[in-house]
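What follows is a single structure, written as structure tokens, with notes after it.
When the chains are written out, they are named A, B, C and D in that same order, and each has its own residue count from 1.
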Amino acid sequence: MIIVLKPSTTPEQLSSFTEKLRNDYDVTINRWDGVHSTVLGLIGDTTRVDIEYIEAQDIVENVKRVQEPYKKANRKFHPENTEIKITDSVTIGDGSLHIMAGPCSVESEEQIVGIAESVRKSGATLLRGGAFKPRTSPYAFQGLRSEGLDLLKTARKQTGLPIVTEIMRVSHIDMFENVDIIQVGARNMQNFELLKELGRTDKPILLKRGLSATIEEWLMSAEYIMANGNDKVMLCERGIRTYETFTRNTLDVSAIPVIKKLSHLPVIVDPSHAAGKSWLVEPLAMAAVAAGADGLIIEVHNDPPHALSDGAQSLTPEQFDEVAAKLFSLKRALI
Amino acid sequence: MIIVLKPSTTPEQLSSFTEKLRNDYDVTINRWDGVHSTVLGLIGDTTRVDIEYIEAQDIVENVKRVQEPYKKANRKFHPENTEIKITDSVTIGDGSLHIMAGPCSVESEEQIVGIAESVRKSGATLLRGGAFKPRTSPYAFQGLRSEGLDLLKTARKQTGLPIVTEIMRVSHIDMFENVDIIQVGARNMQNFELLKELGRTDKPILLKRGLSATIEEWLMSAEYIMANGNDKVMLCERGIRTYETFTRNTLDVSAIPVIKKLSHLPVIVDPSHAAGKSWLVEPLAMAAVAAGADGLIIEVHNDPPHALSDGAQSLTPEQFDEVAAKLFSLKRALI
Amino acid sequence: MIIVLKPSTTPEQLSSFTEKLRNDYDVTINRWDGVHSTVLGLIGDTTRVDIEYIEAQDIVENVKRVQEPYKKANRKFHPENTEIKITDSVTIGDGSLHIMAGPCSVESEEQIVGIAESVRKSGATLLRGGAFKPRTSPYAFQGLRSEGLDLLKTARKQTGLPIVTEIMRVSHIDMFENVDIIQVGARNMQNFELLKELGRTDKPILLKRGLSATIEEWLMSAEYIMANGNDKVMLCERGIRTYETFTRNTLDVSAIPVIKKLSHLPVIVDPSHAAGKSWLVEPLAMAAVAAGADGLIIEVHNDPPHALSDGAQSLTPEQFDEVAAKLFSLKRALI
Amino acid sequence: MIIVLKPSTTPEQLSSFTEKLRNDYDVTINRWDGVHSTVLGLIGDTTRVDIEYIEAQDIVENVKRVQEPYKKANRKFHPENTEIKITDSVTIGDGSLHIMAGPCSVESEEQIVGIAESVRKSGATLLRGGAFKPRTSPYAFQGLRSEGLDLLKTARKQTGLPIVTEIMRVSHIDMFENVDIIQVGARNMQNFELLKELGRTDKPILLKRGLSATIEEWLMSAEYIMANGNDKVMLCERGIRTYETFTRNTLDVSAIPVIKKLSHLPVIVDPSHAAGKSWLVEPLAMAAVAAGADGLIIEVHNDPPHALSDGAQSLTPEQFDEVAAKLFSLKRALI
């Protein structure tokens, strides 16, 4: 951490400030005196140094971090890729490509079991489906709730596919005990109370990137879960909010190699929510695999025009079958 | 709502689609046939029409809303300004200017009572202070929690100032029973489960705008609270996330007159979080008042360099006294 | 084009407005009367209708385009892909993958000829290099200017590679006569005077997307060139400006399939400027090819640490050789 | 400038790098050795240090500027406000409030003279009007061009108001000789060739902020003009591009105090283009004055519904008269 002091700093202020830093944190301090400013360099574990506290000092002109503020999610301290075992045959982050497929919302037993069987045949290894739905409008369909969870379990029983579904409040954690992967949605990426509580479980977590979260903030949210004891975090890029309105969100494909460089956690990509249009799912999914994603989460609905949510971006099972074949073929070509 | 159909739509598809729309929603449908496309116009209460469902239809090229998707928050259906009475002497939205002032975090009785007395003398009519703090890093100070709430109540007792403080999870609602205004932070603006539960209370709610929420999404979050029965919602503009990095956020001053036009709810502005720098608080607060804000929420700390959070943007009580004087003088000049 | 009128519109205003529309433009007008508003639908060629003129009418609540505002660049009116022949062996947009490679700035004969020979061996089919450099700072190296153009021609002579280089002002057009592809940089995407004049030449144009240009604005800039007579336009995605700061820009990989859907023009991707970091070039280039790009433009420098501009994002010839091999292998796997 | 080196740096690399820095630039270098990294501090005039060159070094982890990259526009080296005298009675930056008013496009003598007389009576001290219009569509009205300039001069003769109008290409500079203030539009803010040539004139320049330009880039564009010899630069905030679509752009009101802190140049605000809606002009203009702007540029049209461009955001002369009265009254209250 590098701290640039104002030219007006007095020797007394300087010495009281550096003394405080040494006492509060386990750091050593270097110092240079330039023409216009004095610069301090903090050496040691600066993860715990509160940058806002430093910025607030009257004598401080500006502060820059050199070290990343996350530790458990940081590849520097954990060079090996994290692999998350979901079932005997599904391990995410082990170099293979996993596709989580299914409808935006669970609607009925027939629907979810039918889709599950179909996507399994096409090569999907996990079933996604929403039971609790975060909707912008209070008047829109909010999901089948606990009934939806039960239907997902029925579909799992019939197909053997592990299930991924979204949680929306702390008090539901017990209800999600028998879910294979708990998803934290983009709008809850900084619901810190939820992250903390999920950190106290041992469930694999699929942490979606917030609509306008920086990569660093996203890793800090992973750190919240990990700091509370749960290391099984997967990061899911689902498009970010930009000025472009043709696509619902802008898929940040760079996030894949960047996360791979900064962290050891697996990266999943959601081309369905990024695009908001079903014809964009294939090219975005192809791009994600080519850029190194560990997995994809894709919306599939047997009858998109009658889907109760997000139909515009859902593939039919037939379309999914074709897309999945191309994705696995691309993955084989890359190895 | 206007729906443009694809040129390939068959007469059968068209009639089955329009029939379904008429059955599902209480709307009448007009239709034109252009050279390249057919256009449908839905007339009636389209608030409940699920735009995603429409977009998902194979035959639909695109859909445009004419009517806003929010109803209870809409000025069209509630032309008078909403006034929210907090105490006998404090009513927000009645044309007077209210300043909520206080520290980012409550730190000690001495601190919070001292600041409360000081800001009251300078003209603040409400005391703000964080007991539960949403922090990006799990390693940063997270607030004094329930002890912080107790200290706020002590300060209220001593000064008579009603208190405003942030809630972070549903299970805390009971604990906030004796708070005057409950704040929902920017990161929880779309924590829909929290919004619903707050809608079931009768507490005044200060709803901060999400980091990258559109004005429409923000009003939809207000609608969540109102649709569940609680009409006492104030909207708080606190800066949005843009590409500009000099300021922490970009204060969207246009949001003030826009909200005033679209909605009847009061608008509060938070220049401290928008700017992230104490020297920007005064000019941004002045701009907010000149643009028509009903109130301001300003961070004041007796000792910003030693604040446990957000010190860089806090004013000292002396600075606040000066700024408040200018703000009230500006307000008087505008009437 | 759909025009929603205000409830207050009088019959006289309505008839005078519709009469004017019919006179000014070759359109027919349909009309519905809803409960709260009257809606007009304009049918015909609305490309020339000035949307700002419509919005300015007192009686107009809002206006929505149904038809795209570009015509010559629109795939609807030109369903076949545009193929642009550069030399006998290089045609862009014909389904093959072309890589334009070379240094950010031309620095010396030895440098540019050496890099040209090297990238040609690795499979590049065009040579890129800047002679005139748009630099944020007036104190930074501004390019070798006309001498740089001469050196590019020398390199072309030695290697047979056609050359791509950036133009910065109208008065240089004559100087660029013997260049194979003229590049318009991101900062000049809406330098309309330059676009018009380039439209009067018959040179292939590589039109980079502006830093915050929407896809529609970008296509409108292509339309400027085409409306003036020059159909040889290639669109180059080079990253857009977002709030994320880890990457220099955010590569909008969705733009590739979107442009392919909306337009018939070829799409080139610049992973070097998008990323700003050389280690990101490979994954982003792979993603671009997988998403359907017709070509790539990649910075290669024999000695990146001593490059006079953009060294941080340049590959060495050895790195480029490896990346190019992977890209061509991926392209073959996709066919 | 602070340079963090990679842990793998060898002593030879380090000494050859620091030697090169000392030779190329007039700087002294300090160095610390941390546990994980070595840090270099460059002291001296780093304005001319090419940050891209430094970033490109293999041994460099990252670089941070401490000193701003602009010099002539920097308040540190020019503490006094710049005042730009336009006529005997109009000096911009001297503490008074100046309003530049007039139509988006000059359309006829009657129109421009009529508007000029009217806005002068309301207190405007300069006349704005577009002769050359940058339009997104090649099919939209492009301005009366040189005839428009002549009409502006006629209006100046009749009213005494100095004129402000936009230039779009270098070859027009001679034609603008008799204009009082030359405007550079947002889309040309980084048309560096134009900036350089304007730097060789002695005309006052109104430099609009680019659609997605950072404050630093904007100041660097001012620096381009100033580095070529012309110090008469005014900066015009006109809204930036964000994800919010309700307003055409988002007025960055913080830019006013930030520019005042970083630079000595006057700041003008354009509420008309920022908002895109005439009813937003008044509150945004009020906010701008309250935040410290030196002037405003406001669109006024005698007949907005028939304006050939930007009618939706234009005020009528009557509306302008009312708004101007409020603005001058606010300005008086602030002193």
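We adopt the following convention: a contact is a pair of C-beta atoms (placed from the backbone, for glycine too) under 8 Å apart; a residue touches a chain by one contact, two chains touch by 3 or more.
Because the structure is predicted, anything quoted here is derived from the model rather than measured.
Student: Using mean Cα positions as chain centres, tell me which chain lies farthest from chain B.
Tutor: C
Student: Looking only at C-beta pairs that count as contacts, which pair of chains has more of them, B-D or B-C?
Tutor: B-D is joined by more C-beta pairs in contact.
Student: Whole-Å distance, chain C centre to chain D centre, using C-alpha means?
Tutor: 26
Student: Just how far, in Å, is the C-alpha centre of chain D from the one of chain B?
Tutor: Chain centres of chain B and chain D, defined by C-alpha means, are spaced 32 Å apart.
Student: Can you compute the centre-to-centre distance for chain B and chain C, using the mean CA position of each chain? Integer Å is fine.
Tutor: For chain B versus chain C, the centre distance works out to 39 Å.
Student: Using the touch rule from the top of the page, what residues of chain B touch 2 or more other chains?
Tutor: Counting only residues that touch two or more other chains, chain B contributes 212, 241-243, 245.
Student: Give the list of chain B residues in touch with chain A in this complex.
Tutor: 47-48, 50, 52-53, 55-58, 69, 134-141, 168-171, 187-188, 190-194, 196, 210-212, 217, 220, 223-224, 227-228, 241, 304-312, 314
Student: Per the contact definition, I'd like the list of chain A residues that touch chain C in the complex.
Tutor: 212, 214-216, 240, 242-247, 250-254, 256-258, 261, 274-275, 279-280, 283-284, 286-292, 329-330, 333-334
Student: Per the contact definition, I'd like the list of chain D residues that touch chain A in the complex.
Tutor: 2, 4, 30, 32, 34-37, 39, 41, 43-44, 61-62, 64, 66-67, 212, 241-243, 245
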